[in-house]
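Take a look at this one; I'll ask things after.
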Amino acid sequence: MLMSIDSISKSYNAFPNPPAKVLHDVTLNIDAGEAIGLVGESGSGKSTIAKCMLALIKPEDGAITYDGIDVIHAKGEELRRFRREVQMVFQDPYGSLNPRMTVEELIGEGLLIHKLEPTAAARRKRVAEIMDMVGLNPNDMDRYTRSFSGGQRQRIAIARALVIRPRILVCDEPVAALDVSVQAQVINLLQDMQKKLNLAIVFVAHDLAVVRHLCEKIVVLHKGKVVEQGSRDEIFGNPRMPYTQSLLAAVPVPDPVAGRARRAARRLETAN
Amino acid sequence: MTAIAQPATTRRKEGFSAFEIFVFTLVIALLVIAVFGPFLAPDSIYNSDIANSLMPPSAANWFGTDDQGRDVFWRLIVGAQTTLLSAFLVVTLYSLIGVTLATVAAAGPRWLDEGLMRITDIGLALPGMIVALGFAAAMGASLRSAIIAMAITGWPITARMLRGIMRQTMEQPFVAGAQVLGVSKWRLMTKHVLPNSLDVLIVKWAGDIGTTVLVLASLSFIGVGAQPPSAEWGATIAAARGYVSTAWWTVVAPGAAVAITSIAFGLLGDIIQVRRDPSLRGN
Amino acid sequence: MLAFRAYSWFLGRRLGLTLLTLWGLASLVFLMIKLMPGDEAQMAAGADASAAQIEAVRERLGLDAPVIMQYLSFLGRLLRGDLGTSIVTLQPVLADLEKVLPSTLELVFVAMLLNLAVAIPAGIIAAYRQGGVFDTTSRVTAVMLGGMPAFWLALVLQYVLGSVWRVVPISGQQGYGMNSPVVTGAPTVDALIAGNFAGFFDTLHHIILPAAVLAALFATQIFRTLRAALLGVLRSDFIMAVRAKGATARHMLVRHALPNSLNPVLTLSGTQAGAMIGSAVLVETVFARQGIGAYMFNAVAQKDAFAVLGSVMFIGTVVCLVNLIVDILQLLVDPRIRAAQLGSQGQ
Amino acid sequence: MRTVHPMPDQSTVTPLRPPLVTVDKLTVDMPLGRSGASVRIVDGVDFSIGVGERVALVGESGSGKSLTARALMRLDRLARLSGRVDFDGTDLLKLSDRDMGRLRGSSIAMVFQDPMSFLDPLMTIGDQVAETLRIRGIGKAEARKRALAVLDELGVDRAAQRLDAYPHEFSGGMRQRVVLAMALVGEPRLLIADEPTTALDVRVQDQVLDLLDDVSTRRGLAVLFITHDLGVVAGFAERVMVMYSGRIVEDGEVASVFAKPSHPYTQGLIKAVPRIDQDLNTLYAIPGAPPPPLARPGGCPFHPRCDQRFERCDKDLPMLLPVGLSRVACHLHDGHQHDRKGA
């Protein structure tokens, strides 16, 4: 077990109103090299869990342990190692890259601050390698991200996260803002990288079809609680909880015959 | 999903309109006058020549002469340096204070942020010119006092605005990305947050020069700023105040100089703002 | 219940901030006193005070005590309403200022009316016909007026309208022989109380130009803010939805854009009400009106430092209180601003 | 200069029902700054919608789908429109602003993507729904009564009590119902729905789709449904039009387009969508990204991303021509396939 999240809770201050509790006793584990999907609707707390896993916010209760590090209280060398080994990719390809840095500076920043490559030339070489690996042209290294498309930006974001060889990559809705025709490229890239680098991927999404495609293990969240978790086959083939069932039933299918049949069946069910 | 999204890729450079070129020329001309004016002016304007006092505008004295018989036009040229230099000094000083406080507030712990912002609230709630007047009067009426007084009362708007923008920038995903990467607080603020927050300030800076010229002239007029025989424009108006009905040019000319300078820098600020964000066009 | 909690929280916060601001102001004024060059007792006693008089003042103000004690006793004196003593009039500053405050408030009130009466319709028309002739002219006018020094504008208009064209009186607050018995200290009100209608119109005639000059400065801000807010709202998504219902441009403006744009304007006019009192310094003296601005101007001219700093304290306090009152009024009068101020915790 | 085809009946799929709207060579240009230059976002679009027909308009960012929809109602004040939009025998693009205003809300209505930003935050729900009627001079009580009836019809709980509530007091799904009520209260014949479910959770999306389905059947309402989600299209629409780079590239019955897409873009799009009912090892990915309107490639705009491109594709712009029961704009289907074999 690489990371364990043990019954964490989190509330947000809404003064003068009473605080809003967004996570209730959430527990889940991540093994090395596995892809795990956190799915839920808006307000399910999935992004809050991702932020806790990245130590961007601290839960009030519970514990998060990564490879022997107490994440919530980590300091100094321990925190530095955690920051090197757990990385993330965000939803918004426009807001997630500093517009005042070149592609080289963006991707090379991790190498620089973790002192992984001593010289600028060596860093540059590593940046070129990783750009090539994620399907970017290394000649674009000196450009700013302004002129890149959403899909290319997500590749840059992935390269920036992966260049320091993390062991966990947390992806918060990484394809939700992309065009349909580009979405598949990024999903395939993530899948590819996971296999090549033996990376654990935590994939936060509202789109169950994408999660089904990418993740072996699924955690279904609803109103800050884990409703159901299990393997892909369990969740999609034989969901036990009514919430999971209703969620799956509502996903539209790009096939008129199957789609109409699914909707007709569902309406019949609700009518009864 | 709207088709006209993608501002990044459709951004285009546009040429300058005639109006914009006019404003740029005006600002540059003012700066040139401020820098070189005193070297060009004839020595005679520093001495009084009572025989020629309060002469109306003529070929020899374009804007006429004042009560001391000095040429009004050349005194304006010489005064431009004092006026603009003081304004630049004031804006630079309070911008430095504002930027420092905003950065500390944005980067620091919550209690420090709260504390600094309450102090800023106090500064914002008080009438700035009156407090500056008090400081300048207490320190002994002089141009130096007025500059210091304006610098210590001018920073709250900058601090409040910049701190707000920095907090917004810190909400941007790329800042969380840098934190996840493990960058130090110093690098986070200087490399990621500040560069992406400062450009609003640059817009404000141009407009602030215009406002500062106005307030400085007001303080001099009230009597706590530059003192006669300084050629600073506000002091010039104050000195000429009694002659408005007998020699209107002694009052109109320096006031127009203040107005033109303040309007020119104000317009410069507007132009930069519209260039940064074309959706504001026409505002 | 929740609303009550939100209200008391808002009011408590607002009151607390006002108290904090007054304390900050007092500290600044104390700092100003300490910044004064020379011997404070000598200054307070006046230039031709004897050594014994100076010592008496030193004793009274506790100037031999440590600074922190001086600060505390200074705050104590402020709480008792002691703003210091003018070395020119030899009167307590507060007593001097109380006499002239109504006159200033009258000027500010008329200026505020003029300001809103001109700027709000102008802002609406300019936004309604964006890019049109009215829009362009009023924007140019706003830029010009906003860049002009108020005292200079006062001097020039006084000369042109008062001396050359003689449309308005040159200065003063009422004509010769028009005096009414002083009751409130505000000439227009006093004339009304006395039933002296000729005197009332005379005072209005005197106030119109100073008020207009004061208003000009602030009207440009209201105009620009309202126009920008209206245009911003007109660009927003829900206006497109209103268009899709088939509404006319006029309906959109009046029924949707205006209500959604007024909040920043009201907030600004609240701040302006206070700032106008400060700006009276620039206008009152030019028109030889009585008022706290003129009082302060004279104090500067006569190097009456305690009167100046007392005035700073006084004007600052009035501004804080005016801001507080305006904020509470806004909250009470308009339920929409109430919703915006208190935040919407619905869902 | 393109040649103008004189026979509109040939280039338009005959709808099953009499046409309600016929759009002919519609272009939309958006101005760029004040330089007078503009960019063509929608480039000569032809289509028609039958009475009571449900048509989906599918496209990615920059394809011009939203602007096409808004052009039908002339909602973008900055947009410059040309072509014809024939509604019930009148050309909407030639109407005066006043007449167009009368048509909006009563003949054609629209619902939008993000219900919250399309509601006036300071006006009660009841007033906003009734507004469409009030604008047309209907009395306050009557308008309120009809607003209530529509809100009831759309399943807003306790509608009578909530007429005086403000938008922020409603949940996302309820807000979308309110926006829908605003559109339907004027009893329009065409409803334009611009990504009405994109911002909603799947379960709420499902409810809104059902609702839209019911209402359009019950009222015989034609719906033009703008979306980027092919799943939604398959479950809701009868006909689908695929837009790419400002043009329609394929237009046909939903069943036949999904079963046998003709345009390589449509083919790729359908294969690229991950599906809840299937396991696949790798998704098909269309290379590259949709071009921004200022950088559209010459020839067929899709050719740089197309895996079936041949010689002609980067030179000639393919026309939208009948292929079977559909219309397709692709050189593979314009009767010159032999060119490809020859190449």
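Observations, loosely collected:
The first chain written gets the first letter, and so on, giving A, B, C and D; residue counts start at 1 in each chain.
Following the convention adopted for this analysis, a residue touches a chain if its C-beta (ideal position, glycine included) is under 8 Å from a C-beta of that chain, and two chains touch if they have at least 3 such contacts.
What you are looking at is a predicted structure, and each value in this text was computed from that prediction instead of being measured.
Among the remaining chains, C is positioned farthest from subunit A, on the basis of C-alpha centroids. A comparison of C-alpha centroids places B closest to the centre of the full protein. We define each chain's centre as the mean of its Cα atoms; on that basis subunit A and subunit C are separated by 54 Å. Each chain gets one centre point, the mean of its Cα atoms, and the points for subunit A and subunit B are 47 Å apart.
Separation between the centroids of subunit B and subunit D, computed from CA atoms only, is 51 Å. Shared interface positions of subunit C, i.e. residues touching 2 or more other chains, are not present.
Multi-chain contact residues, meaning those touching two or more other chains, occur in subunit A at positions 149. With touch defined as above, residues shared between interfaces to two or more other chains in subunit B number as follows: 9. Taken together, the subunit A residues at the contact with subunit B in this complex read 51, 54, 56, 79-80, 83-84, 86-88, 90-92, 94-101, 109-110, 113-114, 146-149, 157, 160, 164. Residue ranges of subunit A in contact with subunit D, taken from their complex: 41-42, 149-152, 179-185, 187-188, 191, 206-210, 212-213, 236, 246-260, 262-263, 266-267.
Partner subunit C is touched in their complex by these residues of subunit D: 70, 73, 75, 98, 101-106, 109-110, 112, 114, 117-123, 131-132, 135-136, 166, 168-171, 179, 182-183, 186. Interface residues of subunit C facing subunit D in the complex, by the touch rule stated above, are 236-238, 240-248, 251, 255-256, 259-260, 336, 339, 344, 346-347. Residues of subunit D touching subunit A in their complex: 60-61, 172, 201-203, 205-206, 209-210, 228-235, 254-255, 258-259, 265, 268-270, 272-277, 279-280, 282-287, 289-290, 305.
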